[in-house]
Amino acid sequence: MRIGVLTAGGDCPGLNAVIRSVVHRAVTGHMDEVIGFEDGFVGLLEGRYRPLDLNSVSGILARGGTVLGSARLERDRLREAAAKADALCARYGLDVLIPIGGEGTLTAARMLSDAGMPVVGVPKTIDNDINGTDRTFGFDTAVTVATEAIDRLKTTAESHQRVMVVEVMGRHAGWIALEAGMAGGAHGICVPERPFDPTDLVGMVTERFTRGKKFAVVCVAEGAHPAKDTMDYGVGEIDKFGHERFQGIGTTLARELERRLGKEARPVILGHVQRGGVPTAYDRILATRFGWHAVEAAHKGAFGHMTALHGTRVDMVPLADAVTYLKTVPDDRMNEAESVF
Amino acid sequence: MRIGVLTAGGDCPGLNAVIRSVVHRAVTGHMDEVIGFEDGFVGLLEGRYRPLDLNSVSGILARGGTVLGSARLERDRLREAAAKADALCARYGLDVLIPIGGEGTLTAARMLSDAGMPVVGVPKTIDNDINGTDRTFGFDTAVTVATEAIDRLKTTAESHQRVMVVEVMGRHAGWIALEAGMAGGAHGICVPERPFDPTDLVGMVTERFTRGKKFAVVCVAEGAHPAKDTMDYGVGEIDKFGHERFQGIGTTLARELERRLGKEARPVILGHVQRGGVPTAYDRILATRFGWHAVEAAHKGAFGHMTALHGTRVDMVPLADAVTYLKTVPDDRMNEAESVF
Amino acid sequence: MRIGVLTAGGDCPGLNAVIRSVVHRAVTGHMDEVIGFEDGFVGLLEGRYRPLDLNSVSGILARGGTVLGSARLERDRLREAAAKADALCARYGLDVLIPIGGEGTLTAARMLSDAGMPVVGVPKTIDNDINGTDRTFGFDTAVTVATEAIDRLKTTAESHQRVMVVEVMGRHAGWIALEAGMAGGAHGICVPERPFDPTDLVGMVTERFTRGKKFAVVCVAEGAHPAKDTMDYGVGEIDKFGHERFQGIGTTLARELERRLGKEARPVILGHVQRGGVPTAYDRILATRFGWHAVEAAHKGAFGHMTALHGTRVDMVPLADAVTYLKTVPDDRMNEAESVF
Amino acid sequence: MRIGVLTAGGDCPGLNAVIRSVVHRAVTGHMDEVIGFEDGFVGLLEGRYRPLDLNSVSGILARGGTVLGSARLERDRLREAAAKADALCARYGLDVLIPIGGEGTLTAARMLSDAGMPVVGVPKTIDNDINGTDRTFGFDTAVTVATEAIDRLKTTAESHQRVMVVEVMGRHAGWIALEAGMAGGAHGICVPERPFDPTDLVGMVTERFTRGKKFAVVCVAEGAHPAKDTMDYGVGEIDKFGHERFQGIGTTLARELERRLGKEARPVILGHVQRGGVPTAYDRILATRFGWHAVEAAHKGAFGHMTALHGTRVDMVPLADAVTYLKTVPDDRMNEAESVF
């Protein structure tokens, strides 16, 4: 087979591990040829690619980023790609395309698949919010980084007798906040799925200080928001790059808590440190397994599917399943977390 | 309810997280009382215990070891405990006992349960070889530590143009070798489940050096062994503490490879660093969830069961399921791993 | 001797290691008694203290924060303390007080010393800006945390073809920015000691992109500021807790670079993660040595002095030396750093 | 200038940081040309080298190992090199050679320098035993790795009520044992400089258990040995690669302690994990500064010297100073360490 591989969307620890695994399995397991498109679908459209052999992927397993580069593609150009799916396959002699990416990428993959291109997707998101798979690679690294930060912040919070509000990633789903909050032993967790009432947080902090504790940590997803009419908070503005820029919820919430409690409350916005760098062992393994199974699926003709973790198995699920709706934090997981605040 | 909790068997990152979670859920969720027995079943027999409240478990989430202590109990004394199960419950006013431990502990738990004691188990092993659950806490930490070691060893192996043989834990199951080997990008993995032929390893190393690579890393479980008649290796002796002490497989294999290859091969025996210290975020979360669900199970009367991870859910499975046989590495996982050597 | 020890000022990794070392050296080396005042000088004034023996300091070597607590003391109450220095010594039977703290604490120590109290200081600051000593403990940990963050940010910056502006601690001295910038391989470093011209940063980034590089990282101390008339930037407001709260230099600079370059530039404000948590090996050793030498100095009657690292030796220097002026980053260190941008 | 650079001897975190710094400073600071010899002096003799520019050293700052490779050179071939020092310089058009290496390499550097080659050395050793400099890069990383291991081992030792004997690197000098022992809070430290008496260790452990402690950790340098007639221990054998292979002191000492104490004592041999992988921030900075100053020294004609850290300054010292004798652990450092056991 001749396999094309590309990475699209934001940075995510484990991308290189997938690329390496695809190449190893394809080359040593099946004598396939592999080419890698640069900068995601842009490279596919513009003819920028390079052959990938064992040496091309040597030493990249533990490296952050993606050796293939990544770029966002406008929806119009994607339609253009779908319109000439056959021509693209012919041009590169592709038997299958393996795009590695998040919801946007998998939606694009589905468009190309529907247009007739043989596609096997590999889901990627540090947010863990892609449906159809128990977990995605990158998420464990993000949680690990956020947890280490909370570990460090706690001693400072305690020394300074303060409330710390740690804002982590998660615009639409609160998985990182949930898990880093649990692992870091946060005393409050706010996720987009469940609007919070600042009064509850005030109650929790007050109760802790009454018990003689000298600090509290709240872990808040960037997409979390207060329940209606419980708190004023600002609105962001869209900058010329199309990104919302605003006084985030972390900062806003810290001020609100400070105002209500009469105690120092400080925001810490973890930001991009959560999404880059060396992947954890867990993410390297999951990424490697996804790469392996994507190649196997290609050889079995399971096009229009993506790799998915179910328990200990890697299965193939229809791309359609993955992009229909977002996998959000269910109530029972929040209940578990709240019991150890 | 009045809940007794104890930890038994070897050290395992996450034990304290379970204890903390049990106490939090019991005390804040159900107004239960919790007592902790010291040094495992020994404390249960000898009446050494202490009450556990929120303050007793404050700050222990990320700490290695167990605040309750642990000890092995001889089988005879265990039978003694089972024989007076009712008396023990009466003595401490126990409504349920939550033992946290590995195969031996769960077997003991089953004996006590069969003898009429209300028991809910929590499985623990860094080896990941307990049946009935996808994963156990402690395993992710062990794999992480071993992977970091392999990461470091690779640059040295390359600088010195050497073969490194890294021996990791796993007497009966090769999970740590499998996952640390995959995550660390080892070029050979030897597990107890599949006797290896040194000739294959020699072939792999030779092929790598032919391709211009200057080093190779083999990850070997302590319980791995060569296929019959493929290699001489020594036998251990039992010391007065009952532990087998021998020139391990790592050292033996390194010598064998050196002899056959005419290249330097060095063993590194990771040993106990894999089983202690701060748990990873993953293990803290799993341990916390297990503690939570153990308390819920107790309240639902699901005695004779233990907590188990199935996909993203925590379920209860009969203790009998867990201790009947060992969960070993299946062939398909080895096949995946081997493709990226 | 009867030794009092206290920690004052902000959190700093290594505080517990000093306390532990003071107690060990005093108790096992000299049969001294040690008492620890709670919450810094506040405990000294209010009579809140506890005896410290080997068991009190067991297991704290690697723990962040301070087991004694810390608090800021208003200048007026400090004068009050100085005025009754003799009475305080008599009250607690103190032969020497060992305050561990930053510039403010050492200034207070000097006041008490001048007022007749036998004092031996131990300098502490993550900012490394105390004069008279090569280094202070806490600094290595801060640099390590900031460097790990930059390591992670680089892969994301590269994947997204972005400029990252990392704001690190350092209000008056740029040591953390200098060293984390060097260790992280930043392409620009801005410190308070040397007002920067955004035009230079724009030039550096442009040059990199011209060379085919796809990202740049600028490491900026929170106290850095542009040279006069080179850039507009906002002014902070003082909140009711007396802290300046403003759109920091990191955010401001990122916007300015984005505006001038027409490329995405993102700020990451590391904040308090730099000052808490487990100390590095280096900081534990330096802190332990400082504690040891403080006790020895007390026994030699070297009052009015503080411990200081000079090369590989720990010496005693007059408190006056330490607090006269700030140790700032010299030009030659900046020159070294700039050559590897 | 035309500068040659090479790395020789064993792996050491920071080698790549020196190479990168030499190239950056030479190319951007002085418009020099730089060539890198492969596999140390072997490449110099055999004409294997490549030009190094900014792109050649991009991304290597934090990478372990050496991009130039390393190899040991027999003494005879070194004499051969010295004999034709002029011819070698002429052959490559070298204005200066910058060898980066340990005692052997610096001795070779001195021979070449004496033979008329313009040489500026950069000292390298994880053992920290090169004379004339406060510290060498690589040492901080080794201490950090060993300390993290001791941190992990302590919880296991405590859970199992055991003595752990951790063997760290240091054949002739005990710096790693001293510092990792201090940072890890070991209860006994054995270094080559001071033959130990097992009876003292037995006393220390006994005293701890009497105080109610449940474990003890001894940190022992691989080159440590018991004082005459205090303990039997084996002798190693020299294998065909010229390396001593024996039941090391860690294993021997653990058995001896177990025999005398009647308690379990386990050896952990850290081995090569101490000398490879990502360098700490400290080592990256020191390595970068050494590279910078080596280039400056070359331009000032300070041949026959090497870079050295003195307090906060990097100075140049004669190569002769560095290789005359080994820098060993002085008594006062051991005394400091022993007080916190």
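Chains: A, B, C and D, in written order; residue numbering restarts at 1 for each.
Rule of thumb we're sticking to: contacts are C-beta pairs under 8 Å (C-beta built on N, C-alpha and C of every residue); 3 or more make two chains touch, one makes a residue touch a chain.
These numbers come from a predicted model, not from an experiment.
Student: What whole-Å value do you get for the distance between subunit B and subunit D if each is reduced to the mean of its CA atoms?
Tutor: The answer is 35 Å.
Student: Using mean CA coordinates as chain centres, what's the subunit C-subunit D distance in Å?
Tutor: 29
Student: With chain centres defined as C-alpha means, what is the inter-centre distance between subunit A and subunit D in Å?
Tutor: 40
Student: Residues of subunit D touching 2+ other chains?
Tutor: 151
Student: Sort the chain contact graph into one of these: line, ring, star, complete or other.
Tutor: Basically the chains close up into a ring.
Student: Report the complete set of touching chain pairs.
Tutor: Every pair of chains meeting the touch criterion: A-B, A-C, B-D, C-D.
Student: Can you name the residues of subunit D that touch subunit C in the complex?
Tutor: Subunit D residues touching subunit C: 20-21, 24-25, 28-29, 54-55, 58, 61-62, 134-135, 140, 143-144, 146-147, 151, 179-180, 182-185, 211-213, 280-282, 284-285, 288-289, 292-293, 310-312, 336, 339-341.
Student: What residues on subunit D touch subunit B, complex-wise?
Tutor: Those residues of subunit D that touch subunit B are 10-11, 13, 63-66, 69-71, 145, 148-149, 151-161, 164, 214, 241, 258, 264, 266, 268-269, 271-273, 275-278.
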